[in-house]
Amino acid sequence: MSLSVRLQQQLPGIALDLEFEAPPGVTVLFGRSGAGKTTVINAVAGLLRPQAGRVAVDDWVLFDTDQGSWLPTHRRRLGYIFQEGRLFPHLSVRQNLAYGRWFAPRGAQRESQDRVVEMLGIGHLLNRRPAMLSGGEKQRVAIGRALLAAPRLILADEPLAALDEARKAEILPYFERLRDEVSVPILYVTHSAAEVARLATSVVALQDGKVLRHGPASDVLADPSVAPAGVRAVGAVLQVQVAQHHADGLTELRAGDARLFLPRIPHQVGEHLRIRIPAQEVILSNKPPEGLSALNILSGTVEAVRAGEGPGAIVSVKTPAGVVLARVTRRSVEALGLELGQPCHAVIKTVALAPQDVGGRVAT
Amino acid sequence: MSLSVRLQQQLPGIALDLEFEAPPGVTVLFGRSGAGKTTVINAVAGLLRPQAGRVAVDDWVLFDTDQGSWLPTHRRRLGYIFQEGRLFPHLSVRQNLAYGRWFAPRGAQRESQDRVVEMLGIGHLLNRRPAMLSGGEKQRVAIGRALLAAPRLILADEPLAALDEARKAEILPYFERLRDEVSVPILYVTHSAAEVARLATSVVALQDGKVLRHGPASDVLADPSVAPAGVRAVGAVLQVQVAQHHADGLTELRAGDARLFLPRIPHQVGEHLRIRIPAQEVILSNKPPEGLSALNILSGTVEAVRAGEGPGAIVSVKTPAGVVLARVTRRSVEALGLELGQPCHAVIKTVALAPQDVGGRVAT
Amino acid sequence: EGILIFAAASLKTALDQIAADYSDQTGGEVTVSYAASSVLARQIQLGAPADLFISANVQWMDVLVRDGLVDASSRVDLLGNHLVLIGVPAQAEAQIDAALDLNARLDGGFLAMALVDAVPAGIYGKSALQELGLWADVEGRIAQSDNVRAALALVATGAAPLGIVYGSDALAESRVSVIGVFPSDSHPPIIYPAAATRDAAPQAFAFLTYLQTDTARAVFEAQGFTLPQG
Amino acid sequence: MGWLGPAELEALRLSLRVSIWATLVSLPLGIFVAYALARWRFPGRQLLNGLVHLPLILPPVVTGYLLLLTFGIQGPLGRFLAEFGIVVAFRWTGAALAAGIMAFPLMVRAIRLSIEAVDPKLEQAGATLGASRMFVFATVTLPLILPGIIAGAILAFAKAMGEFGATITFVSNIPGQTQTLPSAVYSFLQVPGGEPAALRLVIISVIVAMTALLLSEYVGRRVARRVAGT
Amino acid sequence: MGWLGPAELEALRLSLRVSIWATLVSLPLGIFVAYALARWRFPGRQLLNGLVHLPLILPPVVTGYLLLLTFGIQGPLGRFLAEFGIVVAFRWTGAALAAGIMAFPLMVRAIRLSIEAVDPKLEQAGATLGASRMFVFATVTLPLILPGIIAGAILAFAKAMGEFGATITFVSNIPGQTQTLPSAVYSFLQVPGGEPAALRLVIISVIVAMTALLLSEYVGRRVARRVAGT
């Protein structure tokens, strides 16, 4: 299922005028504060009636101002995680979670409540009222409530912003699983480069109500001109398989013909994964390096050199493991003579590949 | 000025029972969602009357249940940035910003409104009402409002969580400047490891209402047992001076007897700064490395090796620039024979030292 | 300075006209406050600055005399009234006596009266019905209003087929017809006593006298009031 | 309650019955009208609003008279209802109707204010979870306005307990049928020396109404706390 | 307004004066009491609450009688005020007092509900910025409850325009002094043929009260929108 969005709406600050197609998976909306992200999501949800536009999931039209069609919010089968929680204050956490279940069609594929509760770590809160929860606890319940409504379209507005790193790390895989297993389109707003890099199937960069750039995550993130995400988010994604867990706490991965080491991950031997290698964590060398603490060294040839406006450049290196991106200074590019076709070695620290950057299961 | 806090409060979920001293500068409270961070801040603000405890700034007692003293909130000279904004809906942004100024004593040292407005990028919003702002815009106004009240104590509850990376990068230096120039104690809640590492003078790690660990930022952050911040935040802080801006977009710093290169920063030649070198970004080598894209190589000797529970270890290397921390695998520690007193070379990527990790001015 | 008269509300039309005439003739200003006799009497008890009190019943005047709040020597029985049985126009006229079959005429409907234990018209009506031996027949079929005008309205709007009101009230209402007049000996005399108050201004006595002139009496009679016997 | 005579006890019982029915029957309509006024924009909204407020603005006697004209035996609505065997004229049901109408503006206002205080964002959240407008109303709006509904209902009850003018004009005062406490109080106040009896009844009705009000405060606060979850 | 006689015009003017004063003078007290009831917990809170509601519960005549007893010429408060040269008995000021007291519960309730709808978190935010309770009230609470205050004030005004029972019982029905529109309506209804005149006055007072109400709706909505900033 894919979501197509076209909108025009005049707001006091900005004029929204945009069109994009969100393929199955997670489409991340990003852009600076006030760029119009929440407005777009609200229009998709039907909470705001845009002056002109059309939103459809495949050929199920949610609204089309040309045809004058308009599906009310409650028929859109949404799971909307609001920027500010919006829990029902008079219902217990348990009742909040159960609210959406009333409306899910009988046969709808639906998460088990127990599982969602456990993942969100809200089991001990079930009998409390929202007023007795902390900010992060509220947001976790809000996530659970949306997921349990058996939605056909998930809208998430900075769902993890209020959560601590550890909790984020626990919940992110869940969104990944939703992305990979369920074919529900997910429109996801975040300011976190790590979340963008980790979750996004495609990325829509907004600026002042317009689409600045739109495309597969890897393309948009590798583009230094898309400032908001920050160049630090640029990275390559490699398809890997878990090869072995070592006794000293490292996990060995097979990536094409190469091997990579990283701190122990919980996945089983033989599982297929994707890992993101941040361009920033990669050092290039024109000689085979020796005596380095970095365990991962991939040999390959320079495939492309893209220099940005600043002092840095992104070098693509074709290795047996796949294409690896490295962010280095232009000075180094010259010093090392990194030109097209030039052989070179990519050095990747083991610890730089933290579990956070390991994507969930990949359908094989 | 330093803030001392002692609290006991029974809540439905947890029993709060803690005591800590916040030295001048930024004291970051961190801990998982629901650990009690907001509750502590509310007690300091006087919005919650704890069952027992005492809070004082130097010997100015805000409250002391033993003596039965209690200063009402409005006499505590606070700047409280709430987790949820709490702007006055009936006032324009301009009026919201001006609200606190009424009460600042005549002579109080006070930010210029223009400056705060410019820094927060809210100049174009001044005549709007809060209902017409996006989530991030609201939070920026809330920050401005608190800062303009000429507070003697700043309380910030996840102030930047709703902001995009670029805006965060703009506002963080401002908090740094507050920390370094004004002697106002700042109690700051965040889940972002980058913010902790960048801002914290000292860190109070909370768990289930108790103080898990408390001390100078570098100590707490270098302690792998303090899970919430994540080992990725560990890093060393070096005192440096801007030496030269190069034509190819790099800035050269003098650090002790060594030199460091990093992408151009806006500081003037001769200025003193502190930079954080994330332990994770440092590669160690037992031979002088050659042909690497990394421009910064510091030679020194191993001063300490701390192995955590996982596969990693933190190696302290004494270099002419100061002590540098490196996070490497235990496997590499053995392979390279990194033992006390052993000479070695620390390799730091130029681009890894992004402007984000450059601290503000240091009083000289 | 003018004088302030406290008068039973039912006197309004006549008294307004008489007061206007009086002012024209003497230049003396007369202000009248109309309300229920009970309300006015109680206000006088509690110090109201009234100069003259005209009550719709004897009891309240008696109370004020007892309390020494009115000048007993100035008390006169100013007016009288008839009690009449009214009905919707379809009702035939009849002699009001013991033979009257009220229940047949009510035909399941209600007999509209003022409160039979509290409001003068109701009290008079009840004693008349008792005297005529009709009370027991209709006791359960009486709709009591808070004042006689409301009882009239019940009949006028057709809500009640019959009612007992003053002759002066029935006169001007075209939607009701008078079935008959109660014999004046079937109930205590209907008397509107008047008296100057204890602290009355001298002009009050003059006006009280004027009220008893033929000019004034003509106006009262035109409004359906009678003059006291004797 | 040896303190009260059987007639007075009867009046108290009747007042309670009338007020409770007036409140309960008008409550659903009150909630509906309050919701319509608070959340919908439709032509005639101001007209409806004005109509609802009319009993507050009109002198009660006038309201009673209008009721008599429309719901009386001869009134169009009265005749219409009579076809279904519903008679309100001179019945306690009529007293309840009058009391309900007099109390209606108060009830609607209280409920309306509480509806306006509900954050539409919560209702939106309900809609995104798949709940229809009706369901959102029943599961989100209604529980959140419960304190307002309780307050409005009790206020209406208290007002109904004290209503007199419209009631007596519309349905008169028929002991056992329509003689409520306030009618009885009024009767006592009309006759000299009736004050102590009136006072007794006033105290009774104040006690009842106050108990209801304080109870509503208490229940309202508990419900509000439950609703706010604190 | 050739439609109205001079006496009727006088009554209209007086009603407006009485209602406006009743509303304006009681407003500050109403806001204070509403705030105290909404936000403070103090002993006697329920007593105060009950007292405020009393005029709503009591039959108006009883309220008027109690006013007469306390604020009358011989009443304790009446004598106390008289020492300061303030006389309310049988003056328009007394009518304003009666109207104000009768309208007070409605005013307080409206304002109180709007205060309870203000999120205390905003008031806390004001306190953290250094504002004292009073200042927070003036700059945060008060602007936010402005729609409620307007609603409460207009409601009180409308109620005051229609008040009759307590007024006539307390200050009588003296033309030019205490004869408000409803009292004039009453006077006309007490005499034969007075209905058309009464109807005319009723229409006038309905127009005035309705205009005020609709205006308050409009102003209230505009203010609410301004306050919400949407």
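Note that the chains take the letters A, B, C, D and E in the order they are written out, and that residue 1 is the start of every chain.
As a convention for this text, contacts are C-beta pairs under 8 Å (C-beta built on N, C-alpha and C of every residue); 3 or more make two chains touch, one makes a residue touch a chain.
Not measured: the values here are computed from a predicted model.
Chains that touch both chain C and chain D: E. In terms of the stated touch criterion, the partners common to chain A and chain C are D, listed by label.
Averaged C-alpha coordinates put the centre of chain A at 57 Å from the centre of chain D.
For the pair chain A and chain E, the distance between C-alpha centroids works out to 61 Å. Chain C and chain E, compared by their mean Cα positions, are separated by 35 Å. Residue positions 84, 128, 132 of chain A each touch two or more of the other chains.
Counting partner chains per residue, chain D shows two or more touched chains at residues 61, 164-165, 186, 189.
Looking at chain C, no residue sits in touch with two or more other chains. Screening every pair of chains for touch gives A-B, A-D, B-E, C-D, C-E, D-E.
Taken in their complex, chain A has these residues touching chain B: 12-13, 30-34, 37-38, 83-84, 124-125, 128, 132-137, 140, 157-158, 161-168, 191-193, 227-230, 232, 248-250, 261, 263-264, 280-281, 283-287, 289-295, 310-312, 326-333, 335-336, 338, 347, 349-352, 354.
Against chain E, the residues of chain B that register as touching in their complex are 45-47, 72-80, 82, 86-92, 99-100, 102-104, 128-132, 145-146, 149, 155. By the touch criterion given at the top, residues 61, 65, 68-69, 72-75, 89-90, 164-165, 168-169, 171-174, 183, 186-192, 194 of chain D touch chain C in their complex. Interface residues of chain E, counted against chain D in their complex, comprise 46, 49-50, 53-54, 56-62, 65, 106, 109-110, 113-114, 116-117, 148, 151, 155, 158-159, 161-162, 164-165, 182, 185-186, 189, 198, 202, 205-206, 209-210, 213-214, 217, 224. Those residues of chain E that touch chain B in the complex are listed here as 121-122, 124-133, 135-136, 139-140, 143-144, 226-230.
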